[in-house]
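Contents: one structure, followed by commentary.
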Amino acid sequence: MRFDEAYSGNVFIKSHPSYEESKAVIYGMPMDWTVSFRPGSRFGPARIREVSLGLEEYSPYLDKHLEEVKYFDAGDIPLPFGNPQRSLDLIEEYVGQLLDAGKFPVGLGGEHLCTWPVFKAIHKKYPDFAVIHIDAHADLREEYEGEPLSHSTPIRKVCGLIGPENVYSFGIRSGMREEFQYAKESGMYMAKFDVAAPLKEVLPKLAGRNVYVTIDIDVLDPAHAPGTGTAEAGGISSKELLEAITMIANSDINVVGADIVEVAPAYDPSEQTQIAASKFLREILLGWVK
Amino acid sequence: MRFDEAYSGNVFIKSHPSYEESKAVIYGMPMDWTVSFRPGSRFGPARIREVSLGLEEYSPYLDKHLEEVKYFDAGDIPLPFGNPQRSLDLIEEYVGQLLDAGKFPVGLGGEHLCTWPVFKAIHKKYPDFAVIHIDAHADLREEYEGEPLSHSTPIRKVCGLIGPENVYSFGIRSGMREEFQYAKESGMYMAKFDVAAPLKEVLPKLAGRNVYVTIDIDVLDPAHAPGTGTAEAGGISSKELLEAITMIANSDINVVGADIVEVAPAYDPSEQTQIAASKFLREILLGWVK
Amino acid sequence: MRFDEAYSGNVFIKSHPSYEESKAVIYGMPMDWTVSFRPGSRFGPARIREVSLGLEEYSPYLDKHLEEVKYFDAGDIPLPFGNPQRSLDLIEEYVGQLLDAGKFPVGLGGEHLCTWPVFKAIHKKYPDFAVIHIDAHADLREEYEGEPLSHSTPIRKVCGLIGPENVYSFGIRSGMREEFQYAKESGMYMAKFDVAAPLKEVLPKLAGRNVYVTIDIDVLDPAHAPGTGTAEAGGISSKELLEAITMIANSDINVVGADIVEVAPAYDPSEQTQIAASKFLREILLGWVK
Amino acid sequence: MRFDEAYSGNVFIKSHPSYEESKAVIYGMPMDWTVSFRPGSRFGPARIREVSLGLEEYSPYLDKHLEEVKYFDAGDIPLPFGNPQRSLDLIEEYVGQLLDAGKFPVGLGGEHLCTWPVFKAIHKKYPDFAVIHIDAHADLREEYEGEPLSHSTPIRKVCGLIGPENVYSFGIRSGMREEFQYAKESGMYMAKFDVAAPLKEVLPKLAGRNVYVTIDIDVLDPAHAPGTGTAEAGGISSKELLEAITMIANSDINVVGADIVEVAPAYDPSEQTQIAASKFLREILLGWVK
Amino acid sequence: MRFDEAYSGNVFIKSHPSYEESKAVIYGMPMDWTVSFRPGSRFGPARIREVSLGLEEYSPYLDKHLEEVKYFDAGDIPLPFGNPQRSLDLIEEYVGQLLDAGKFPVGLGGEHLCTWPVFKAIHKKYPDFAVIHIDAHADLREEYEGEPLSHSTPIRKVCGLIGPENVYSFGIRSGMREEFQYAKESGMYMAKFDVAAPLKEVLPKLAGRNVYVTIDIDVLDPAHAPGTGTAEAGGISSKELLEAITMIANSDINVVGADIVEVAPAYDPSEQTQIAASKFLREILLGWVK
Amino acid sequence: MRFDEAYSGNVFIKSHPSYEESKAVIYGMPMDWTVSFRPGSRFGPARIREVSLGLEEYSPYLDKHLEEVKYFDAGDIPLPFGNPQRSLDLIEEYVGQLLDAGKFPVGLGGEHLCTWPVFKAIHKKYPDFAVIHIDAHADLREEYEGEPLSHSTPIRKVCGLIGPENVYSFGIRSGMREEFQYAKESGMYMAKFDVAAPLKEVLPKLAGRNVYVTIDIDVLDPAHAPGTGTAEAGGISSKELLEAITMIANSDINVVGADIVEVAPAYDPSEQTQIAASKFLREILLGWVK
């Protein structure tokens, strides 16, 4: 007596009813407690699902249909308000279970710090993995206002975990001087301002490797993604990000998990941020889950 | 592997997982195709559920807790876009099934025309039922711009079905001259402008009767419910509507079903309309489902 | 080949096509150049007309229909941007022409200073007229930041023109100490905070007199009229203002002109301010134009 | 006694007062009843006119001034709410009259289904006409949720009417697999994702032909046109669309009519969508009406 | 070379330049890290100051002018993002310094948990103080989701600190059953739903006592204060709260400090919430600081 | 006892406390009284400062940190509301003082007319200066609606002051035919539509000269800057404007002052316009003040 068709607004469109049979699992990380400027990304996952109702199930970019891939939408992980450490532990535990069960994890943020426990879980299963990081911000701080748990630190942390030489950042246009210095000196890869062109050069080098891809929606210009906490002028267009996603789909890397973070709907009355994120999610499911 | 707690934002809080065991059933009627001025109420049901996350489960008005009543949230009835007649048929069929199964139907609109098929389903089970209609608009037109299926007609239609003497309207402050004339001459009851005071007088007369209650959110002043299609200045406050709901709960009438309609979230960036509707829904579940 | 019915959104609903045959004339005063805090009322008149499409033509308050009164909507007076003195001269000239032609002027603001030239035009025809002023602000300043032409001065100016003893202010809850002192000492009438109750007492004293009524929409609480430049908490409800308008309609005073000013749509995404003003305008046309 | 200058906000700027003397006629099609996701385009035509006040009358793109072309703004066609078939019949009838009178029709939507009756009227006068279709969506469905009258179907319908080989679509980035297959197999022309570059190649092939051009505003990226019902990330910029309009103006095709549809102001508090559409309309009048 | 007059938008209007000479000190507590539903109150203090520019300096309620009281606006206490415990410690330390210096503390929130350290600081100076708590929510939880530091707990904590018999809550309309039971059984005072009427009865009993007054803006109906995190329908009007503030000013209690909390501007595009809070702040400064 | 760190939201981040020691001075010109279409830019300067809190202090574009340049934020010049002439006189006087003291003036508008008195003050000190003007609008009118003081005239005025051959306009896409004719015939330089490419060609010709740079935020496409009074579709991206600012920084011209004008926050609920302007201001301080 529940209406499965209409109900799909509450899960991402076409998500499969069975966890067991699904290859990928979508989960929300509704946390924004360490956000410094404009909070609100905790509502990102729910709104990305809601607007998926307006999305076509077929992608003309990849010539694929959502029926060709089985994914389960698990909803949002219940996270304790205002407690970053416990929230991160719960995310790590959950993603660990997904990986143990052979699932492809697709996270929806939430603030970027949420990716840190995911990195740890991925590391347990794929100790040699590399990271593709698409973002406006370097996120290479060691701490923020004295707090090591901050949405400005996850990429620095993962450099410590897997070595900076395995971390590839794209689109970076904001950070402290120290972060850019670290990027230069540590051996990590950082492409400033652009995404598609440098990615085209990097992808062949990563061929055959296990790669986790994390996308901070604020890599887009605020024109294309006003609904985010730390909007940064001078970004790329949705078109360029779609191009990048397609490039990864057509490359020889082995994507082992992905996320889209920092969608904060309150700052975008037109809903275009979640509408765009919802489309990116479709492309990720169609192109990266193999 | 789904997160039941966090997931509650997609169903009304504390809704019971089992249809069979539930006494009441919440269902959405996401239809606004005959709306003349500002459409958008099709998104009302989903947003009422979403904000229920911010609601307490206990009512200090009724001294009751949502755990004391079992209700199932069925989601939204899948309605064919732009086809009023088929949509109404589907609603009538669905509510008929609920009544056959002994459930108490609680509808969320959607436009007010959605109540018309519910009236017809109720009539089959309770041929002698009366209607309490709380609204800014008389909704007594025979047709609107030549269309008999319009959100301005449901109360006129139910007058035809059960006799105007069984229809009680409250809070009415807008309509055509013909509608007010019909109200005067037909034998129906109509209280202009106010709700709580006239309801206090009417309720004893309805003691022991089966009554369906339909609440158009625009009975509230636009100050209290800006998110509605045909906002009408000069309305009552949320406080008065809560008082009215409590009065009905404490009366001797037998409520056999209810709905809250015309919540159109797009016109209310503060979300207060759905937040209020969500609270009214809690009170209805606690006070009217017996 | 123009569509008269649909076109009515650009004039107030049911406005008569002929200036000559009309008794009343609606005109906009799209000026906000002396506004100190939040400009934007220049768009008030157009939006009041636009939302009139959603209004019923019949009033259950007065039991009258817009077809019973002939009024012409002249559109907005073309005013030179940023030039207060020339704008005021143009308004005075236009309203003078209306009065010469025996029309009942109904102005839509625009900032409250626009009423000053109207007062002057009215004074030429009705030297003994009185003013009913419904507003949150005393508007009794002699100047504002050194400028005698300011939206804070029109009532002080009209006190000079017709004598303070002929000025009746209602609902006042904001002003400088000097303004309240002037109100006390000058012999004018001022009711603080409330409108309906004091008006009920004053109206009999004004019986038989020619009265111009000016309504600043900010007399309403910001809950009821968020779309205004200098919103002031603690105001009256739409319901109380409708009651006041009805009282005046049913009184023995001779209303010779009226206006509604300070509607600034940009601050009200829900459009409830213009929706309310549009309803007040209907009641004024039905109740005051005789 | 009406103010012609100020009044221009209610018609498109500089529109000519005489239907008879005008070469082109602007008309609104305020219909959105078959819209599946976010309704509201019925208010598009009025808001495009309103913001035209802020537009210059001269185009530096075409080096032409609006005084060089005579066009009449007829207002919105009065359409019966919620009745798609009758609405479409009225549009067909009206546009037929325009064509009989030798006028160049310029429609403002409203949903894209409105273009279907226009196609039929054009077909009667120009049986051999071709279509340039600029849109994010293929609009090639045979039906939508069982309804053949849907905003997803007009291009498929016109393929049936004039043959797919006479239909040229640009900018398409969304649709069902079946629609893209139809595009490939039917012989119609479809350029995915881009507009200006493929148009440059196609225009010479259409030289000398009668062409109707329909522009769905959602071909723009949501960054440039957030105010539309089915916003689709990854679109073109306003700059590219202006370039396309200029190219058509400078080509050798004979434009016989045009429209801009799917502007839904409620989703765009910044009003940039209607501001852009208003500019496109100016360019169309200056460049395509000959 | 700084512009003192124009600069006043960044401090509350008419605030005195000298901390030493001032009797009262305004300080912001820009913290919202434990907020469960809709964060954003960290921006409350800044926006309350910003809109104070539109406020009159004279109060017709109290017949007093802001020049009659000396207060210093210290700005916002710099609080470490996402660290509740350290934030609370900093607030307690700062307010302790104010009290040591003989200042009257006036806090602006930020979430309601911020009042807890203020209570502790007050307690050190006035061990026998009582609390007047004006709020929609009981805030009597012992913990929230396992966290004892939550915006739902400050009143329970102060009951522990000074004894429930010294705590007086008004306007409460939301909470868990346990909170209302605690209110009944513990000996504290709680007035449900209303503020002015019960306060009138309680004030004489508190005559001569030292009292701290904490106002959660959500005691207002969402119609009057949409800009708050946990809006709760059925509240009081701005008018009633102004009445309550005036009553306290005219009573025989000795107010020793006060705050206004939970203003979250992001949810209120009309800015009416901060406009109202700004007015309440003026009345508090004029009426309570003696 | 003031909190310097948190207080920085009210001045541009990292602004120096001492006017005397600073090289550059930021000042606001909160005037919009001659704006024809959508006023509100008077709030631009305050909001640009407010969002600077979310900005990094380091620029990866210029590899410089805000600590490397000393600038003082003077706040907003107090301007008399609605009095253009006196406002302009005050601006001219203030900027004259800055130049006398050897400061680099950085103005924040306010409407573009504010740049006219700045031009006059610059002219006194640098009689041979040139102007780089980046804007959507030519601003070359001699008067607007009969008023020579209008936001459409400043560039025409400066042509009269320093000779059109010293004026270089970029990005222009709107104006009257007369303005474009004047541009062609007068000997001034005008690049239509684009900024970065033509600037690259012009900069070498200006090597060694004193240049004032005025940026109207509406040169950006409304997608990138919706918060402006006369948004004009078809503009450049934030990325292109950042590129232009960097080019100027790396050129051989001697920038002697600059401004960013026409930010009107009310039209941009996402705040992206002021966020972008705030970033441009950082780049100007880092790259142009030498």
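So that you can tell them apart, the chains are marked A, B, C, D, E and F in the order they are listed, and the count of residues begins at 1 in each.
Quick note on the criterion: a contact is a pair of C-beta atoms (placed from the backbone, for glycine too) under 8 Å apart; a residue touches a chain by one contact, two chains touch by 3 or more.
This structure is a prediction, so every number in the text was calculated from the model and none was measured.
Of all chains in the assembly, those touching chain D and also chain F are A, C.
If each chain is reduced to the centroid of its CA atoms, chain B and chain D end up 39 Å from each other.
In terms of their C-alpha centroids, the spacing between chain B and chain E amounts to 37 Å.
For the pair chain A and chain C, the distance between C-alpha centroids works out to 55 Å.
In chain B, the residues touching two or more other chains are 36, 38, 221, 223-224, 267, 269. Every pair of chains that touch is listed here: A-B, A-D, A-E, A-F, B-C, B-D, B-E, C-D, C-E, C-F, D-F, E-F.
Interface of chain A with chain F (complex): residues 36-38, 172-177, 180, 192-193, 221-224, 226-227, 230-235, 267-269.
Chain B contributes residues 1-3, 5-7, 9-11, 19, 25, 27-28, 30, 46, 50, 72, 74-79, 97, 269 to its touches with chain A in the complex.
Contacts from chain F toward chain C in the complex involve residues 32-36, 38-40, 42, 80-84, 144-147, 149-150, 266-267. Residues 53-54, 56-58, 60-61, 63, 65, 221, 223-224, 237-239, 242, 269-272, 275-276, 279-280 of chain C are the ones touching chain B in the complex.
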